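A short write-up of the structure that comes next.
Lettered A, B, C, D and E in written order, each chain numbered from 1.
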């Protein structure tokens, strides 16, 4: 047990030894074990965007076993997926990589202005499949957000009683926000803070832009000269908004990007005090050898063995 | 236990021996026992379309016992129906054919743009009636789809705890889709994938057309040159979308067709790696001797004893 | 136990001896005991239409005991009413007539295009009051129909576990149907079939007209030359639609009519193979001696002692 | 135990000895003990209209203890109030006056065309506070009425299992009715009947006007010459509508009136066979000595010691 | 145990010794211990307004431990916050300050005309974290208010069974009210009364203005010459409306103000018989030494050691 992991665990004083055990499994697995940094492989895009859009660029990824193998071989801290994908490999790869069961999902066969998600997994499912934690998406800004908060609150209570780690994907979206506002720095910090207040152990947000969406926030950011000019500064602000670094907050990569762009983002996350990345499409939509190399580079940046 | 059945069962590593037992009952019953192929008789059209439209063409079919007899005599792998129809024969034909209780149904006495279904059976009903599994319909594309996903998720968990097989009928429909889009290849593959992610053991979809509905999907299908020109290719794509062949996916026949058309479709399903057919109206809307001959031909195509 | 009752009971192979016992109590009570025919007295009009409209024409009927006495003296097979009316006489008349507790009701203090009903009784209430069964109304054609189906499905499961008989009043109504369509032969047969699929032991519908409402049904009725010209033929078609005579289906009388019209209808029900009548307003809205004479005539027609 | 109370209790043959015990406590308490008549003090106006409007005219009434004292000193049969008011005195005045806990309430900080109420108390609360019964308001005529009926049905079942008396306040209101229709004689009788059918032991309605709201009712009232010209006749009709006198029905006073008007109404209730009054604002919005004198006069009219 | 605390506890005669124990912990903690006055530190603004707007003016306040320390050092009676903030310090500061878990919260990433809140904590969470009580916000005037009342009623019953104190934040808001009406004296008194009727032990409202919102209330206030001209008179009226001083009612400070304005308000609360203040933004949005001085002054005013 490294000092850094011990320090992170010490921030979760209200959690049971069971939950701390699972949280330390996440932090102590894979290439970044013990560093306090995380890289998680999430594969819910088949559900969220459709199987063709997700897996046709790299057909072996249609097979659910592929993602277990990718996460294991790349030395990811964990693999997160919906029920079906986890059921399809949990026995075969039991004990080889920490698993996070996504408890809700959404498809795009209907476009909604104010999206919500379906409950697609349960805490009991997560226990049955040997997961270390559960994941849940909220959409701050949607008219359905309050119902989503209530759902995850109840599920989080159940998960904690079962010693599981609670991961919240906080994605601002819906009629309360402009398109640009979905990744605005004030909105991202707010969304991350809500997730922390809802009792998340790990929070996942998108990398924020320098845009400030809400007038009342803009006034304060300007008065107080909150530094949000660089990506590293914005990451630092989000870390601050998640209990001043006392909650693990990680950042998602979004659509496929040029590698160097991703690496620059990872450096900003590292420099801003972020805890890591959750990288889906950039990982599994390329051939495995390339994906492994790509993920290894990211982990080296986090580990500090690469600038 | 044939090698092929053993191989199929091996894909369901997260399921209990109880569920595998019922799944093997399905796979090892009737004319296609052991082949890994299935032909299921579904009779919910009385509820879904009305008794006159369904049974007037072959009046003995008004009697619920008729369908048990038809499934048994034809050597179908299973008979699937709503509560009332199963209650009306489950004792008389106990043990003679695997039964699947449909847990939800819908009627057409009201036309809705965004349909949903009523819960018309329970897992406890299925246990009471000696069923091997339960069936549930979802309508991806409907505004009610997320609620339907949540329902089947909860019912599937309960069914799996009871050792039952979960079959999902995935029928794209609703305001998210054009009429043509309901059977588009991208939408069908997506709908099949959602059912798999929701934890279905067996997935039933309609045979897809070559139409691609969603622009974002179209782009990828074209970029990656996904072959969807022939029906067999489209079946193969759907099989890929259901965990690359690691979930049983079967195809429905739709409205009454000329026999040769159906046989051609069955050959395409076979050649594309599909697991079988679920054939209602084409079976019970004709005289029984003709239906038996018709089903026997289909089974021979699947068994490979007929080209 | 007559041969006919034994034959009817044999159609309910999935029901417990408890439910069969209560079903046989219904069939073996009163003037028509053992004939397989039923006449049931229903008195929910106080709730459904208001007490003045219902009972002012025969003021003794304001007293809940009146209806118990009427059902007993007339030799009806059962008396069906909402909670309050049954509570007000169940002790005094315990064991003198089989009781059916209506589990839902509706008033007309608000007119709705798409009606639904309130839950006004429970299975536990029915047990407490010594009932042989429970009644439930569905409105096929209403936007609320699917919710109603789900409700009765759950209540029916509970009732069957308690050994009670499930009676479904299936009244097509709502924005899916024209006014004429509410009693159309295709719609009535469909509504009766839905009730049977939902697990009803006894189904109650209105006498159908020769009108055919739905185009898709009309096409089949004409192609197959389904005979629906006479009332007896239409009754026969409804019997067919309720599992080909393997479910008890009875018919309601509707608003007060000239006696001879009602007797003609009863002859049609008898000749068409219907199982009997449920007659409210025509019974209790006249002086008791006249009501007894009226009901006796109907029973004699069913018993075959009167043409 | 007087003959009259024994007679009233005999109407509740389906209730447990526990409930009859509590009902007899109501009937045998206070100045009217044993007469079969009741005067109940209800104080929910703080919630329903606001504290200023309710208590400023007589400021001691802001204190929840005031109403216990008033009910005790005046010899009322019971005191009915929401949770907070009962909690604030139930220990201090334990055993001194039968209590009825109102289970739902509504405020006027928002005007709705179709009102409903919030659940503000539970059967367990009533048990904890030593109540003899529970009260519940329904709004026949509102689009929410069916949900309200379903709620009280469930709560009444629970209350009866706990041996409590069920009191239903039936106040027609909502988009199904004209303003005048809310107190129309046909609507009042209908609303009282619905409450009785829902299983109420005691029903509370407003004094009806001679207006007849519904065309279908008007036709019958005229055909049958139902006498509704005088207030006493209208009370008699409502008594008839509540199971012909076999359910306790009491009448509310409404807004503050000149005393002589109220006394005239009480005489009409008495002469029409009503069971009593529930009098809030006319009691507690005046100085206590005047209130006691006022209530004493009413009780003397009911007791027959005053014309 | 001072006489005043004993007196306050005596108003809660229906509560368990467990709840009284927790209530006395609140009253006997900190600088105001035993005085019957309370100053509570609430920190939910991160959730309600966003972390930047809340904590950027005093960045140490991003750290959840800061608020525990502030409440402890200032000698507040209690610290109230959402789940995440309490979880992040409850172990470290166990037993050092009474905690109140807010059970519901709301964000401003979407503006609604008729707001409601998400359930973000449970009674079981409060027990787990060692809290003395739970807090819940209602919005009288919103179309969602009745649902909110029903929620807190159920949660309050559960909390009382667990011996917890129930605090209701009653904030008039929504389409039933004008902007000015949200703090009108009649509306504030009404909102406070509703909270008391819902069973709150402690009620929190905003300081009311002299505006009277509702016409029906205005008429009575004028007729009865209810004194509401000064702030102290308005506080007195609110105290009257909360069971004439038999429920603890405290007042919030609102947005940051000049200190002298706040002190004047505190004097008015004291002089009007209010029980204390709940002060968030004015406390934590300044440097800690200044906050401690500020809070100490307020407590001295309440304690009477400062005019």
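Note that a contact is a pair of C-beta atoms (placed from the backbone, for glycine too) under 8 Å apart; a residue touches a chain by one contact, two chains touch by 3 or more.
All of these numbers come straight from a predicted model, not from anything done at the bench.
Q: If you apply the touch rule, which chains end up adjacent to both chain A and chain C?
A: B
Q: Could you give the fewest steps needed to travel from chain A to chain D through chains in contact?
A: Counted as steps through touching chains, the separation is 2.
Q: Given that chain A is a copy of chain B, what angle of rotation, in degrees and a multiple of 5, matches their CA positions?
A: Chain A sits rotated relative to chain B by 70 degrees.
Q: Nearest whole angstrom, what separates the Cα centre of chain D from the Cα centre of chain E?
A: Comparing mean C-alpha positions, chain E is 36 Å from chain D.
Q: Take the average of all CA coordinates in chain B, do the same for chain D, and state the distance between these two points in whole angstrom.
A: For chain B versus chain D, the centre distance works out to 58 Å.
Q: If I count partner chains per residue in chain B, which residues reach a count of at least 2?
A: none
Q: Which residues, counting only chain C, touch chain B once they are in their complex?
A: Against chain B, chain C makes touches at 11-15, 140-143, 145-150, 153-154, 157, 172, 174-177, 186-187, 189-191, 193-194, 196-200, 214, 216-217, 220-221, 223-224, 226, 237, 240-241, 243-244, 246-247.
Q: Quick one: in the complex, what on chain A touches chain B?
A: 46-47, 49-53, 55-57, 59, 62-64, 82-92, 105-112, 116-122, 124-125, 128-129
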